[in-house]
Amino acid sequence: MEVDLTLLLFIFVLASFIGFELISKVPPTLHTPLMSGANAISGITIVGALIVAGSLGNPLGKWIGFAAIILATINVVGGFMVTDRMLEMFKKKEDEK
Amino acid sequence: MEVDLTLLLFIFVLASFIGFELISKVPPTLHTPLMSGANAISGITIVGALIVAGSLGNPLGKWIGFAAIILATINVVGGFMVTDRMLEMFKKKEDEK
Amino acid sequence: MSVFLPETILNWLPDTIQLFYLVATAFFIRGVKLLNSPGTARKGNQFAAIGMMIGVLVTLFDQNIVEFELIIGGIVIGGLIGLLLAKKVQMTSMPELVAVFNGFGGAASALVAWGELARKPEILSFDTTGLVSIGLSVFIGALTFTGSFIAFGKLSGFISGNAITFPGLNMINIGAMIATLGLIGYFAFDPTNSTLFWVILGISLLVGVTSVIPIGGADMPVVISLLNSYSGIAAAMAGFVLQNNLLIVSGALVGAAGLILTNIMCKAMNRSLSNVIFGSFGGVAGGSAGIRDGDKNVHETSAEDLAIQVAYASKVVIVPGYGLAVAQAQHIVKEVATKLESRGVQVKYGIHPVAGRMPGHMNVLLAEADVPYDLLKDMDEINPEFTTTDVVLIIGANDVVNPLAKTDPTGPIYGMPILNVDDAKRTVVFKRSLSVGYAGVDNPLFYAEKNQMFFGDAKKSLQALNEALNEV
Amino acid sequence: MSVFLPETILNWLPDTIQLFYLVATAFFIRGVKLLNSPGTARKGNQFAAIGMMIGVLVTLFDQNIVEFELIIGGIVIGGLIGLLLAKKVQMTSMPELVAVFNGFGGAASALVAWGELARKPEILSFDTTGLVSIGLSVFIGALTFTGSFIAFGKLSGFISGNAITFPGLNMINIGAMIATLGLIGYFAFDPTNSTLFWVILGISLLVGVTSVIPIGGADMPVVISLLNSYSGIAAAMAGFVLQNNLLIVSGALVGAAGLILTNIMCKAMNRSLSNVIFGSFGGVAGGSAGIRDGDKNVHETSAEDLAIQVAYASKVVIVPGYGLAVAQAQHIVKEVATKLESRGVQVKYGIHPVAGRMPGHMNVLLAEADVPYDLLKDMDEINPEFTTTDVVLIIGANDVVNPLAKTDPTGPIYGMPILNVDDAKRTVVFKRSLSVGYAGVDNPLFYAEKNQMFFGDAKKSLQALNEALNEV
C-alpha cells in the first residue's frame, strides 16, 4: 500500500508534466473551446462516482455516489457536446473559405 | 505484484509521452549534442547496476553487476562531459558575437 | 458487469481494466494536443470523448461494482440534463454554461470522496493517505463548486459584475485556505471526529464564494479557466482516495493544462494571474467615471449622415466589441455589411484577441450571424490595412481601440496591443454614452478630430443606419 | 549506506528514495527540454547531470545494497575511463565517441538484467513479467552494444563504410528479431533452461552486427541516434526487472526522445527512417562512379591563378563539406580567410545543415579553428547572398551544392534544399577527383561554365593557395 502511493505520486507528477507540455501557443479563438474541452475531461470523476455508487456499502454513501454520478454525467455529456457545438461553428466557417 | 506491474506500465507510457512531446524543432546544429546528452541519460542503468552489484547474492551475479557499473559509469561520466565540451564550444563562439 | 463474464477471464480482469485505462489516457492526451490548433480542435474533442467512453465502459466491469440501479439512473438523469443544456443554450451564453458544468464537476469530485468515506463501514479502514486525499478532494471540489457558481452568476448578471470587496478580504481568504489545510491534517489524525469533516466542507464552500466575489465580472473567463484546473486536481485527489489510475492521470492532465491555459489567457489581456485574482480590477472603476472630460469636444453623427459616408466609401472596416454582444447586434451588422457589399464597398471585420468578454467571443458571435470566416481578420492582419480604410465602424468596442494603451504608461491597459483605427480616414464609434469600458479608462479616441460618435444602443443605431442606406 | 542512518528514519527510507527519484526525473525532463534550444542547451545538459547524480547518490541508501567494494571499484574505474575518453578525444571524432558510449550503455543494461538473474539464488523466484523483462533487456541491450560498435567501426574507418549487404539480409534480420522475441517467451515459460538464455544472448549480439553492417557509413549518425533510443528502452526494461521507477521513467524518456530525434535527423536529410535502415543507401554507389562523364569539359585552376581571383574579389563565400573534415583543413581555411580579410575582402562561410557526416559537423570543426561564430551563415541566410558574391570556394563539399537536387526528380537527393552557389559569379571546387559524394550522384556543377576545379587534397590545395596569396 505504501509503495503504491509513491507510484501513484509518480503517475500524478508525470501526467502533470504532460499537461504542461501539451498546451503551447493556443490562438485566442481557441481559448474558450479548449477550456470547455478540458472541463469535460475533468468530468472523469464520473469513474469514481460509478465505483462509489455501485459497490456494496452504507446506503448513505451510495446515494452520495448517485448524486456524484448525476453531476459528473452532466459535466461530461454537456461539456463534450457544447465544445463540439462551438468547434463545429468555427469549422463550418472555415470550410466555406 | 501484479497490480504494481500495470502501474509501472502506466509510468512507462506516460514517460514516453513526455519524451515525444519534449523534442520539437531542434536546429541541426544541436542534433549531435542532443543525441549525446540523451545517450548520457540512458546511462541511468547505472542505478540498476549498483543494486545488482551491491546486494547480497551469488558472486557471479555480483561480478556481472560490477562490469555493468564500469560500463554504465563510462557512459554517464563520458557522456555528460563530452556533451558539455561540444556545447561549450558553441557557447563560447556565440558569446564573442 | 463482471458477473456476466466467464470465470476464466476474471483473473485477468483487473489488469485488463488497467490496460484500457491506459488506452483512455492516450486518447485524452492526444485529444488535448489536437485541441491546441484550429484545424484539429474538433477531432481533439472527439478523441477526448472517446477516451471518456472507454473509461466509463471499462469501469462498469470493475469487480467491486455489483449494483447497477443507481448507476443507470444517475447516468440517464445526468445525461439528459447535460444534453438539454448543451443543445438549448445560446452561443452567446457559452461561458456561463462552461462555468456551470465546471461547478458540477468539482461538486462530483467532492461527493465521490465524501461518498467513499460514508460508504465504508469502518472509518478506520482508511489510512493517513486516504484520509488526507478525502480532505483535499472535498476542499478543492467544494471550492470549485461554489466558485464556479459565483462566476456563473456574475457572467449572467444575477450577481453584480462589480468587484465586491473590502480591504483585507484577500488576506482572510488566504488565511481560511491555510486553516483548511491544517484541519485536513487534523482530520487525518482523528477521522472519527465528524464535526471536523463538516467544518472542512463548510469552510471550503464559503471560500469558493469569498474568493470569486471580489473579482470583476469581466475577469470571469480567467477565473473559470483556473477553477477548471482546480476541478482537474480535485478529480486527481478523488483518484488517490480510490487508488484509481485513470482519475489521477486525467485529473493531473487537466489540472496542469488548465493552469497553463489560464496563464496564456492572462497574457493575452496583458495581466498577471495574481493581478486577476487579487487585483479587484474591472467593474469598480466602471460606471460612468469617463464623463468627467465632458467639456472636450465630441462630433456626433446621425444615421443619414453616416449612410452617405459609408455608401460612397471604397473600404469599410467593422470593429466589434463587448457592446455588440450586449446589444445582440450581430445579425444587423451582417445585414448592413451585405448591403454595403452589394454597392461595391469592400467590408472587413477587425477582431481584437480580447474583444468581448471571452476569448473568441466576437468570432462565435459573428459566426452565429453567418459572417463569412475569411472576412474576420485578426489584429496583426488588419492593422496594416487601416491606412487604406475610409471608415471604421467601431461597434460597442472601447478598450481595444484605446490609444492610451500606447501613450499612457501609468494606465491599466498600457502595453496591450490595440487596433490602430486612427490610421483610417474616419472612425465612427457606436455606443450609448461616453462612459468607459471594462478597464475603466477614458478613451481619447472619442474626442479625436477624425472621430464621430453615434450614440445609442448598437442594435438600434445599426437598424437606423440600415434603413437610411435604402434612401441613399 | 543505509546502515549509517538512525533506526527511526529507516521506516521512511523507501518512500524517501522514491521521492528523490521523482526529483531526479524532474531534472531529466527539464534537462532534455533545455537541450532543445541553442541558448539553454548547456544548462540542460547540466540539469540532466545533476539528475543523474541525485539518482546515483540516493540509490546508495537502498537497503538492499550492503556491500560497497564492487560499487566503489566500478565507479572509480568507469569514471576514470569515461573522463579520459571525454577529455582526450578530438572534436572531429565526437560521433565515434558517442557511438562507443552508447554501446557501453546498452551492454550495461543487458548485464544488469543478466546479473540480477545470476544473483538470485532461486531462478524460480522470478515471475513471468520479470523473466520477460530480463529477456528483453538482454536482447535490446546486446543488440545496441554490437550495433554501436559496428557504427563506431564504420565511422572511424576500421570497417568499410560501404554498405555490406546481400539480397535478403534484411529479411533474415527481421526474422531473427521475431524469433528472439519468441525465444524470450519460451524462456519465461522455462527459465531453468539456461541454453535458451545463451541462445537469446548470442542471437541478439549477432543481430546488432548484421543489421548495422548493411547500412552505409554516412548514415551512421542516424543509426547511432536510433541505437541511443534503443539503449533507453533497454534501461527501462532493466527497470522492469528491478521494479525500479527511475530506470523505467528515464529509460522511456530517452527512448521516446531518441526516436523523435532520429526522425528529425532523417527529415533534415530528406530521407525516411525505413529508407535509412533498409535502403543500403550511400557507399555502394560510391567509389568513382562519377567519372563516367569524363569527356565533358572541366576547367581547372591553379593556386596562383586562384590567388589573383580571390585577392581582388570584394566578397568570397567559403562552403565547407565532408572533404574539409577528411583533409583536416579547418585551420588552413581560417588562415586563408584571415589573409583575405586583411586585404579588405569580405569573407563568409555558408553552412549547409547536413554538410559533413554529423549534424553540426562543420560548426564544430570551424569552431575548433576559432572561426568567429557570426561569420558562419546557415543555408537560409547565405542563399540570398550568392548573387552578390564574386567567388565561392567549395571545399570538399559535393552533395550540398549539387543542382540535381532541384532538377532531377528521379535522383536520390531530389528535394533536398541546397546552397545556390551557381548564383555567384564564379565557383571553385576543391576536391581530389570528379568522383561522387555521399549520395553517389554525379554533380553537373563541376562541368558548369562558371565553375573551376582545384584538384587535390583540400589541405594541400589551401596551403598552396595560402602561399600564392603572399605573392599577389
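Labels for the chains are A, B, C and D, by order of writing; each one numbers its residues from 1.
Just so it is clear, a contact is a pair of C-beta atoms (placed from the backbone, for glycine too) under 8 Å apart; a residue touches a chain by one contact, two chains touch by 3 or more.
Please read these numbers as outputs of a predicted model, since none were measured by experiment.
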Of B-C and A-C, pair with higher C-beta contact tally
A-C
Farthest-lying chain, centroid of Cα atoms versus that of chain A
D
Mind checking the centre-to-centre distance between chain A and chain C? Centres are C-alpha means, answer in whole Å.
16
From the mean C-alpha coordinate of chain B to that of chain C, what's the distance rounded to whole Å?
42
Computed distance of Cα centres, chain B from chain A, in Å
34
With centres defined as the mean C-alpha position, give me the chain C-chain D separation in Å.
48
Give the residues of chain C that touch two or more other chains, as numbers and ranges in rising order.
25, 29, 245, 249
Sequence positions of chain A contacting 2 or more other chains:
3-5, 7-8, 10-11, 13-15, 17-18, 22
Which chains are in touch, pair by pair?
A-B, A-C, A-D, B-C, B-D
Note which residues of chain D are touching chain A in the complex, please.
14-15, 18-19, 21-22, 25-26, 29, 245, 249
Name, in rising order, each residue of chain A that touches chain B in their complex.
3-4, 7-8, 10-11, 14-15, 17-18, 21-22
Given the complex, residues on chain D that touch chain B span 25, 28-29, 31-33, 35-39, 41-42, 44-46, 48-49, 51-52, 55-56, 59-60, 62, 64-68, 70-71, 73-75, 77-79, 81-83, 85-87, 89, 91, 94-95, 97-98, 101-102, 104-105, 107-109, 111-112, 114-121, 127, 129, 221, 224-225, 228, 231-232, 234-236, 238-261, 264-265, 268, 353-354, 358-361, 363-364, 367-368, 372-374
Listed in rising order, chain B residues that touch chain C in their complex are 2-3, 5-7, 9-10, 13-14, 17
Touching residues (chain side chain B, partner chain D) in the complex
1, 4-5, 8, 11-13, 15-20, 22-58, 60-94, 96-97
